[in-house]
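Read through the structures below before going on.
Here come two complexes built around chain A, the first alongside chain B, the second alongside chain C.
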Partner chain A sequence: MDVRSQISMVFHLDKCIGCHTCSIACKNVWTDREGTEYMWWNNVETKPGTGYPTKWEDQDHYKGGWEAKGGELELKSTSKRSLVPNIFHNPSQPSMDDYYEPWTYKYEELFNAPEGDDQPTAIPVSMVTGEPIDVESGPNWDDDLGGSEIYASNDPNMDGLNAEQRAQMLAIERLAFFYLPRICNHCMNPACVAACPSGALYKRGEDGIVLLNQDRCRAWRSCIPACPYKKTYYNWSTGKSEKCILCFPRLESGQAPACFHSCVGRIRYIGNVLYDADRIRELATLRDEELVEGQRSMILDPHDPDVIAAAKANGVPDSIIASAQKSPTYKYVKEWKIALPLHVEYRTFPMLFYVPPLLPVMSSTQGDVVKNDLDSLFADIEAARAPMEYLGKLFSGGNLGKLRYALRKQLAVRIWRRHVTVGDISEEKALAALNDADCTCEEADAIYRLSALSTFDDRFVVPPFQREMAIEMLEDPHEHRSSMGFGARVAPKRS
Partner chain B sequence: MNDFFWFAVLPYVSVVLFLLVTIRRYQTSKFSYSSLSSQFLENQQHFWGTVPFHYGIISVLGAHFVAIVMPRSVLWWNAAPLRLFMLEVTGLGLAILTLVGLINICLRRLANSKARRVTSWGDWFIYGGLLVQVVTGVGIAVFHGWGSSWFAASMSPWIWSLAKLSPDVSYLATMPLLVKLHIINAFLIIAVFPFTRLVHILVAPNPYFWRKTQVVLWNWDRTRIRGTD
Partner chain C sequence: MPQVRTLLSTILLPLLLVGTAAARVPQDPPSEETIQFFKVNCFSCHTIGGGALTGPDLKGLHERRDREWAVRFIRDPKAVLDSGDPYASALASEYRGVVMPTLPGIDATLAGKLYDLIQLESGLEKSRFEGVQVSDRPLNAADVEKGRALFQGSKAFTAGAPACISCHAIAGIGGLGGGKLGPDLTAAYSRLEGRKALVAWLAAPPSPVMQPLFTGHELNEDEILAVVALLKDAAGRGEREADSTSLTFILLGIGVCAALLVVFDLAWRNRFRAVRRPLVARG
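For the complex of A and B:
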């Protein structure tokens, strides 16, 4: 047993309002430099939709993630065999057209334009070439276009649906969509790290954050097709790849990452979990439907004395074990089993989990009175507008049992809380719903509290990173602080 | 005198410059030690430039290397006229492949506004140098036949004399102008090599083939940090 601590995240999709505040927070902190304008380390997509970059889930095209071939795990894009023949031109490399060409406006022309018959205009100009461009797409061009013939119907996850389900998803009166905020998943088995010919990408041992050493990156760009989530990006100006760093300078000083901190819907949770790194190989070759359970079984119970002993033997500090015991993500993923990984079939074991979205509560108005019809207030999850098969493709590797479990439990919590707070549902009925969903009253209350009433401290259990001690071993921390700032030694400019 | 400068002084100046600056740049500016790829900005024409160019130039340089290291084997191979002819035709084919690739690279960088945006004056300088080199190379293959044989007989001994620090320029005295140009330009490219994007040649992904699949780095010594909270 090789017990390690890994930072993990949960996004509660039922609470996401699609406001993009997270994206803006991230953009302002990290990617407002030349060459990074097109990058959105954090982006929010509308599902069904084509996403960013366009159709990133189409792995026949982008060749992201791992393949299990006869018990062996191999990268789809850059296996050791295919690296050499593709080294000068990787055919699965996305180009800027797959994302979008960033632009700004010539605002000064609003003031400088000579007097004329027409109002002066600010024309859009490319942020790459500086020339005027026709804006054709942007980072969230399919925002809210849930029923669109162009965007929603080209969603790669729609492929597995039958004609009736597809029609249902696109029917104008019934169209269903939800938001999917995405950041780097800081996977347990990252394809980007495995693909890097220079060994520039690495996982931090202490917390599992995946980082990219800019001094070692040699612009092979193998990480970009390899990452199935397309969360490593090429900076065309410096010739280096860049990616989400999970705001590690913030984490190391006890703050949540900027996107978590700024989340208006309070959908984001962060905490560390203990896991057994020895089992990654074995579990990554399971069948698609077994992967959700496989990944769950790799995450260990931080209260189990054997696990604690093994963690200690492996050098995990007591404070990190204590932090894992309070982790909100552990509760969502392992205890309650209502948070699921996104596209687990890519076999990278993403450490960002999603609570799948439920239907909105249904009500109707008659005259001035809002009428809540109890029978239809909480519709059956099977009758949801977004077909179970669609959500299953996103969140459970096609294993609908795991998805149903998560949705049913969420629904039972709603019914139980309706009973407690409003009282128009009988206790008998509420208890029956909980029983069906493998949930107890205490658990339902705990889910309710962490989902609806949680404070910063409940949502963000940032483990103490002991960073100061790591630095103390190398040099004087005061000198380090005054000389290093947040970590860069030289300006990221090519000489 | 001129010959002495071009073929006994310049090579040493170039190689010393190459070694010093290459090492210094690696020490001080690892960040810049790669080629600034533009495939992300233009992904279609890219293939028709970079792929023929790289495969062509690597094969041609490999052939030069073999002729320098094993001149006797080359002469033995060329002893049969059919084999000599095959070698010459293959060499010319590879040189033309390189030239086509290089021309495509230059045209793409001129025509595509996004690719132009990331093309520096240093890039144009090196493309110019390479263009002269490849054109003179093709010219030699066309106008001065059986180069594989006289390279092994005259060029290799000259390069070995350079390596032994007793340069003997008499080997080159009777060489045609095109060949001399080819040699001079080659050493000029070696001299500017460490200042340009060509440094990417030195960072081939060798560790990839034997390193572990996943890279995990620890900030702290795991056995020492325990119990310190």
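For the complex of A and C:
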């Protein structure tokens, strides 16, 4: 057992209101530099939709992630054989247009325009070329199902649906959509790290954050096709790739990442979990349907004395084990089993988990009166607007059992809380619902509290990062100070 | 080296006057270097007692020309010719205007030694420089075939000489002709006026490029005959159509280039395939 600590996240999709505050917070902190304008380390997509970059889930085109071939894991994007003919250019990368060409407006023309009959306008100009452009797309162009005949109907997750289910998703007055905020998943088994020929990408040992060393990146761009979530980006100005760093400077000072901190809907949870790194290879080659359970089994119980002993033996500090015991993500993923990984079939074992959205059947109208009865509001999840198969493709690698379990438990919690707070559902009925959903009253209350009432401290259990220890492992601080002083990572040139 | 015919009477007197010196038989045996120099530089055009090749038979040179003239001529034939020397002019016209090349590294001493060597060899019953004695048998189609194989390099020369095609082109060989470094050999047979001179040339190629390549890798008799057969055969075909060959070459180049582009396009067909634009266009 090789017990390690890994930062993991949970996004509660039922709470996401699609406001993009997280994206803006991230953009303002990290990607407002030249060459990064098109990057959205955090973006919010509408599902169904093609997302950003367009159709990123279409791995036949983008070749992201791993595939299990005869019990061996292989990168889809590259191999020893395909490396040589593609040495100067990785195929299967999104083009700038597939992301979108970033633009701004010539605002000064509002003031400088010569006097005329027409109102002056600020014309859009590309932030890449500076030339005027026709704005054709943006990072959330299909927000709220905008242009759904083009974008939503081409959602790769719709491929497995039959015509009736497709029609159901896109039918007027039954439209089903929800928001999917995405950041780098800081995967346990990251394909980007495996694909990097320069060794620039690495997974930080103490917390599993996947980082990209700007000094070592040689612009091979192998990470870009390799990452199935398209969360590494090439900076055309510096000639280096960049990605979400999970705001590690904030984490190291005990703060939640900017996108977490700014989240209006309070959908985001962060905490560390302990996992067994020895089992990654074995579990990553399971069948698609077994992957959710496989990943869960890799995450270890931080209260188990054996796990604690193994963690200590592996050099995990006590404070980090203690933090793992309070982790909200451990509760969502492992205890309650209502948070699921996004596209686990890419076999990277993403450490960002989503609580799948309950999309209740929409109330119908009778005459001018909206029919609003409990039966439809708390109807069986099978009758929900988004077909199970669609959500199953996103969150459970096609294993609908795991998805039903998560949705049913959420619904049971709602029924239970309706019984407690409103009282128009009988206790008998509420308990039966909980029982059906493999849930107890205490658990239901705990889920309710963490989902609905949670404070900063409940949602963000940032482990102490022990940076001083991590640094001491690499270099002796006293020697560093005496030879280089403070503040410089590279010794100054002396003439 | 000059052969005395028409001008014999006009130079008889001066020859006799200097005869005492010219006629003396060299006492020292010729050095190995001189023999080697002769072999390499003179022998492909001249024999001693073997008859005229590209240049005249040198047997009895000392009887025809005095030492001083011969040394002057050997050192710089063109200068002698240009000076209007009547004997040299006569030789030039007799040998179709072919002027003996100025030999690299020649000086008065060496020229004198060569003169001595020629004089010595002329006195022998049978000079070692009588010429390459290659059979006079008639050349047949098999020889041509063998020559073709040798020319193209599909059959290697036994002593390891490079195949002709690496530098030469010739009519009837290869769709793209041969090498362009050396001259086209189609007319070589007629240019050297037949088999005998050609055989001598092939036995020890004297040109500055070929000489170092063939030294130590001499062709054997069968190979010489085979190549001569091929050259004769090629001469029979007439002039090569050089223009058509270069046209073929250009067309072939364009064809190969186009084929490569197709291969590249297939190999890298998946790059820069847009996703969003086609999606919108279809919608």
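Here is the rule we go by: the second predicted complex is superposed on the first by the 453 of 495 C-alpha atoms of A that agree within 3 Å, B and C clash if a C-alpha of one lies under 4 Å from a C-alpha of the other, contacts with A are read in each partner's own complex, and residues count from 1 in each chain.
Going forward, a contact is a pair of C-beta atoms (placed from the backbone, for glycine too) under 8 Å apart; a residue touches a chain by one contact, two chains touch by 3 or more.
Keep in mind that this is a model prediction, so the values were computed, not measured.
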Contacts of A:Arg218 with chain B and chain C, given as first, second, both or neither: first
Partner chain in contact with A:Gly315 - chain B first, chain C second, else both or neither: first
Chain B versus chain C as contact partner of A:Lys55, first or second or both or neither: second
Which partner, chain B or chain C, touches more chain A residues: B
Touching partner for A:Thr31 - first (chain B), second (chain C), both, neither: neither
Which of chain B and chain C A:Asn43 touches, first, second, both or neither: neither
First (chain B), second (chain C), both or neither touched by A:Val128: first
First, second, both or neither for A:Trp236, with chain B first and chain C second: first
Touching partner for A:Ser396 - first (chain B), second (chain C), both, neither: neither
Touching partner for A:Gly199 - first (chain B), second (chain C), both, neither: first
Touching both chain B and chain C, residues of chain A: 89, 94-95, 97
Contacting residues of chain B [partner chain A, same complex]: 29-43, 46-47, 50-51, 54-55, 113-114, 116-118, 200, 203, 205, 207-209, 211, 213-229
Sites on chain A touched by chain B in the complex: 80, 83, 87-90, 93-97, 128-129, 131, 189-190, 193-194, 196-199, 201-206, 214-221, 234, 236-240, 312, 314-319, 464, 466-467, 469-470, 473, 490, 492, 494-495
Footprint of chain A on chain C - complex, ascending: 267-268, 270-277, 279-280, 282-283
Touch list for chain A against partner chain C, complex: 50, 53-55, 58, 61, 85-86, 89, 91-92, 94-95, 97-98, 136-137, 147, 149-151, 154
